[in-house]
Structure formats: structure tokens, C-alpha cells
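Heads up, the next two complexes both have subunit A, just with different partners, subunit B and then subunit C.
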Partner chain A sequence: MSDRVPVLKIGDILLVSIQVDLEDQMVLDLQDDLSQQIVATGARGVVIDISALEIVDSFVGRMLATTAAISRVLGAETVVVGMRPAVAMTLVELGLSLGGVRTALNLELGLGYLRRAQDTPPARR
Partner chain B sequence: MKEYPADEASREEVEIRSSGDVVKARQAVRVLAQQAGLSLVNQTKLVTAASELGRNTLIYGGGGTARAVIVRDVARVGVWVSFSDTGPGIPDIEQALTDGWTSGSGMGLGLSGARRLVDEFELDSAPGAGTTVTVLKWAR
Partner chain C sequence: MDNEESKRLLELLTARRADLLAQWEETVGASLRGRVSTAELGRELGELYDAVVDAVSKGGLAGRGEHFAVVRSLLVELSRTRARQGFTPTETAVSIFALKEVLEPLLAGSVEDARAYLQFARLLDDLGLFTVEEYARTREEIISAQSQQLLELSTPVVKLWDGVVGVPLVGTLDSARTQVVMEKLLQALVDSNSAHAIIDITGVPAVDTQVAQHLLKTVVAARMMGAECTISGIRPQIAQTIVALGIEFGDIPTKATLADALRHALMEIDKAAAARPAGLL
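Here is the complex of A and B:
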């Protein structure tokens, strides 16, 4: 019941890899944990790996969008990586476009994106 | 919704009393969807619809029952899923099925989105009489 999704810190990036079928409370806890960890660690980037997730419904979709928005306000960029093709097709049909959420095909591309984003001075972005 | 012959041995029932039960219900639906031979995309669509409907049963219906069974038509196999509760019911069904309409803090995508994700959809509800949503997805 009170399981939490682990948040790992690697340099100035927080990495979350969701490996279980999430109950709604775990989704909310993760959103809280991430917000607090961004502030506590001064992280500049967040990667959320959902490659193990078999579905993303409106509840998880909303958490991803909210987390991306919160982290942006706190000075960190969020990238969601590894969405399965079937999940992407379902999300769009459900009516969730996840506009405002940066996505990448896999972890490597997601990390690459964050690195480039950090190398670019904000003024030139 | 038309009634189709059910594969009784496959019948599943999950009481929805907590968000953990919603997880159990969608896992049961996933197993039947695999057994019925739904494609991966159609499995994902049906399980996602079940997740939306199960959450509504819990949050708005105050809990209820999920039922699922494999059904057969002349030349096709599918999965039938229903969520029933004895909660307050839905006063305006058309409004509830509108994209973006929510009485709470959701995005109002659950019902309308679930309807798009399945092949057959039926919503029975009346104020004070509870709500039953029934969906069906065919393998093809």
C-alpha cells in the first residue's frame, strides 16, 4: 500500500523508473517526492522512464503533465522516456495529448536532450 | 448492448473498494484480453478504458463491482467488461459523456475517452439508482 517509486539522483538529474502497475496513491506520492527532491537537491533535470508501463490512463497522464509543470517552475526540465507505441496510440485516442511534456524514445535520448538543454544558456534558448 | 454468448469459464469478478482493487480489475481485464487474442494495441485500449471506469466506480460511485468475461459472436471473440455501483448516479448522461466535463477535479476524459477506446459502450444510470457502464472490445 505505502510502496513508493524510488527517485535516484545522478549528478544534477533525478531519475525515476516506474516498474510496477501504479495505484493512484503511489502516483500522487511520486509527484510529491519529485517536487521535494528537486528543491532538496537543486536538480536541473528529471527523467521519468515509463517503458515498463503497460497503460497510461488519465490519472497518470495528468501526473506527468503536472510534474513537468511543477519541475519547470522549480528550475528543472522533465523528460518522459520510453513510452510504448500502444500506450501512445491509446493516450491520443483517450484525448490526452501531453502537450507541454517533453518526451524521448529512450533513456539515452532523454539524457542527451537534458544535457543539451543545460549546455544552452537560457538567453539563447 | 446486444447480448453475446459468454465463455463462462473465463468469468471474473472484482469488488472495487480501494484503488488497489482498480489495479486488480484492470489486471483481470488484461488477462482476458490476452486469452481472447486481442492485439497488443487493443489490449492496451481496453485495459485503459477499464482503468478509467474503475476509478469512476470508486470515486463517484463509492465502490462497486467489476465483471469481465470473454464473449463470442458468429466469427469473432471479444472481452465484455462492466462496472456497477449503487452510488448517486449521473443526472445528465450526455453532459457526463462530454470531453472535458467533470464534476470534480478530473480532466473529464474518463467516460468520453473510454467510449472512444472500445467497440461497444453502454451507460445506464439514473439519479439515486447507481451507475453501470458496460464495454466490449473485439479481437480483430
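Here is the complex of A and C:
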């Protein structure tokens, strides 16, 4: 049995803080937990914090995109926060762009973005 | 190695030290055209002369041998100072080769003398080549140190406003510099908690597809971290080149001047602040 990534509720936003390198089973569990929590709490936004991750490869990149897509289907917008400079540079070198995923510098800015997005329902995007 | 010859040479070198040294200094001094003071030159050549005599007396005329260690370290010092002072390789090597010239008239008499002279000439050739090698190595060290300095000097990241950082780029962008710029910019975004970055290319002489590619990479990396990037300082000529080359900046905002870019960033910040609801959450 592998570890699970905790999903924390703050107001109508869910916070997922990824602290360890992810394995396949953990990703599946996380997507399971998260989708259930979004439905259960009626959350309007999801923040995924990856500030502890030193390595983001195509696997994690795809996981972030899929998770964002799942949340969007359930009516919650996803923001990925806290990406490290080295990680961003590696992703660019690899040619990955995390298309379709909102990013913010840190948790505070990410929360701010989600609040604004909720206040103005017809988002620009 | 013929002992007879090195002995004959040694005798000559020891007996006529003052005379030979003076001639040597004069020849070298003439070729350097007074750019090294006579006293300094005298000291350098004196030390070198004594070291050579000492080495020959110890182990003969094999220039690459162990016993020439002292001579070589003196030569290293000599070529380094010459390289730093901006002398040409010829002017550096002539310090060694001039000794041949000085010895030539003395050793042209008999066949034995001529043979000794040739042996000694070979030794001096060896030492001369060593000097040139050392000169080249010093030059390369200087060049690599300078390019490193240039890399550091030309990529500052400045804070323009609360939440806005700027990167005034000067010079051509290559992949090494892009790497440094990207690293510094992304780190500055995190450190200063800025969500806006302005890359100013006023100082970039030309924008081709390569440079544009590097710029795009930097912008994409910054976006991935959640910061908006604006490219500013696009001169009219560069704008024409960009269009002529068919370079697409996509949805990256570009502005003519740094001031425009800063205004744009501040407006974005204002917009975000106005939309922020009261309370923490």
C-alpha cells in the first residue's frame, strides 16, 4: 500500500500539496480522491503545490494536465503553484509546455487568481 | 649527449658571463623597443642565464629533462608577464633566441665549437618553443576569464517595481547566455515574488530566428512558473526583421519601449488588485 497525497479543503478551494516523487498508484489514488472531494465539497478551485518537487518529468507533467482536465469537467479550475526555476528550465528544454494548466508563482498568488476567477464568472480564457 | 661540448660551452658561458649577458640584454632590449625597463630586463635575463648555466652543468643539454625545472619555471613567469603586458609571441620568444645570436660569433671558430653551438641552439629552440606554448596558454586563460566576466556582467536582473522585474539584455543571445539569463530571471521571480517580468532587448543588435527561439524559451519558462513576460525595446528595424523572417511571438505581449512595458505590467497589477475580494479567502 503506497502513501496517499492529502487533499485539504480551504473554503471552497481544495489544496493538494505534493511532497514526494509520485508513482503510478499514487497518481491514480490522488485523481480518485480529488474528484470525489470536488463533488463532495462542491469546490470551485483546486491548487496543486509542487514546490517540493525537484524533478518534474513528462509523467508528472501529464498527471498535472489530466488532473486539471478532470477538475475542469467537475467545475473547478486548477492552478499549479510553486514550480522551481530549475524545473521550469528542464521542462522547456524537454519541449513540454504544460498546455492548459494555469500556473502561479506561489500559493498566495494562486489563491488570489482563483478568487478573482470565481468573482468574474465569464473568464477571459 | 657529448660531455666535451657541454663542458666547452660551460667554460665559455661562465668565463664571459658579464660580457655575454650585456650583449644579450642589448639585443633583447632592442627588439622590445624599451617597453620593459632596463633594470627589469637585466634582472630577468640574469636569473635566466644563471639558471641555464646551472642546469647545463648539472645534466647536460637535454632541454626537456628534470634538471631544467628551474629554467622552465622562470620561462613560465617571463611569458606570462609578457602575455599580460600585450607583447606578441615573437617579442616573447626573441628573449630566448637572442642568446643564440650572441653566442654565434664566439663559437664559429672550429668544428668542435660549431658542434657545441648547434647543440646549444637546439636547447634554446626547445626553450623558445616552451615559451611560446606558455604564452599561448596564458592568452587562452585570459580569454576564457574575460568571456566568463562578460557573461556575468551582461545579464543583470533588476527590480523595476513591486512585483515587476526587468532584464535589460545587451549583446547577442546564444544558448549559453540564454541559460544564464533564464536561471537568473526565474530565480529573481521567486526571490522578489514578482508575477511580471520585462525582457528588454534594446541592447540586442539583431534578432534572428535563433535569438527569437531563445527569447521564446525564456518566456515559456517564466510563464510555466506563473509569471507574465513582456518583451520590450523592439526597435523599428528589428520589428521589420521579425516580420520579414516570419517569427511568431504568439500571445506574448511586445512593446516598443521599456516604459510601455512597465505601464502594461502596472495596469495588469492594478486590474488584479481591483478584482481581489476582501478577506484572506
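FYI, the second predicted complex is superposed on the first by the 121 of 125 C-alpha atoms of A that agree within 3 Å, B and C clash if a C-alpha of one lies under 4 Å from a C-alpha of the other, contacts with A are read in each partner's own complex, and residues count from 1 in each chain.
Simple rule for what comes next: a contact is a pair of C-beta atoms (placed from the backbone, for glycine too) under 8 Å apart; a residue touches a chain by one contact, two chains touch by 3 or more.
Remember, predicted model here, so these are calculated numbers, not experimental data.
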Contacts of A:109 with subunit B and subunit C, given as first, second, both or neither: second
Partner chain in contact with A:59 - subunit B first, subunit C second, else both or neither: first
Which of subunit B and subunit C A:89 touches, first, second, both or neither: both
Touching partner for A:11 - first (subunit B), second (subunit C), both, neither: second
First (subunit B), second (subunit C), both or neither touched by A:21: first
Subunit A positions touched by subunit B in one structure and by subunit C in the second: 84-85, 89
For the subunit A and subunit B complex, residues of the former touching the latter: 1, 21-25, 54-59, 62, 84-87, 89-90, 93-96
Of subunit C, residues touching subunit A in the complex: 179, 182-183, 186-187, 189-190, 193-195, 217, 220-227, 272, 275-277, 281
Residue ranges of subunit B in contact with subunit A within the complex: 19-20, 22-23, 26-27, 30, 40-41, 43-45, 47-48, 51-52, 55, 99, 106-107, 109-110, 112-114, 116-117
Residues of subunit A defined as touching subunit C within the complex: 10-11, 13, 79-81, 83-85, 88-89, 91-92, 97-98, 102-106, 109-112, 115-116, 119-120
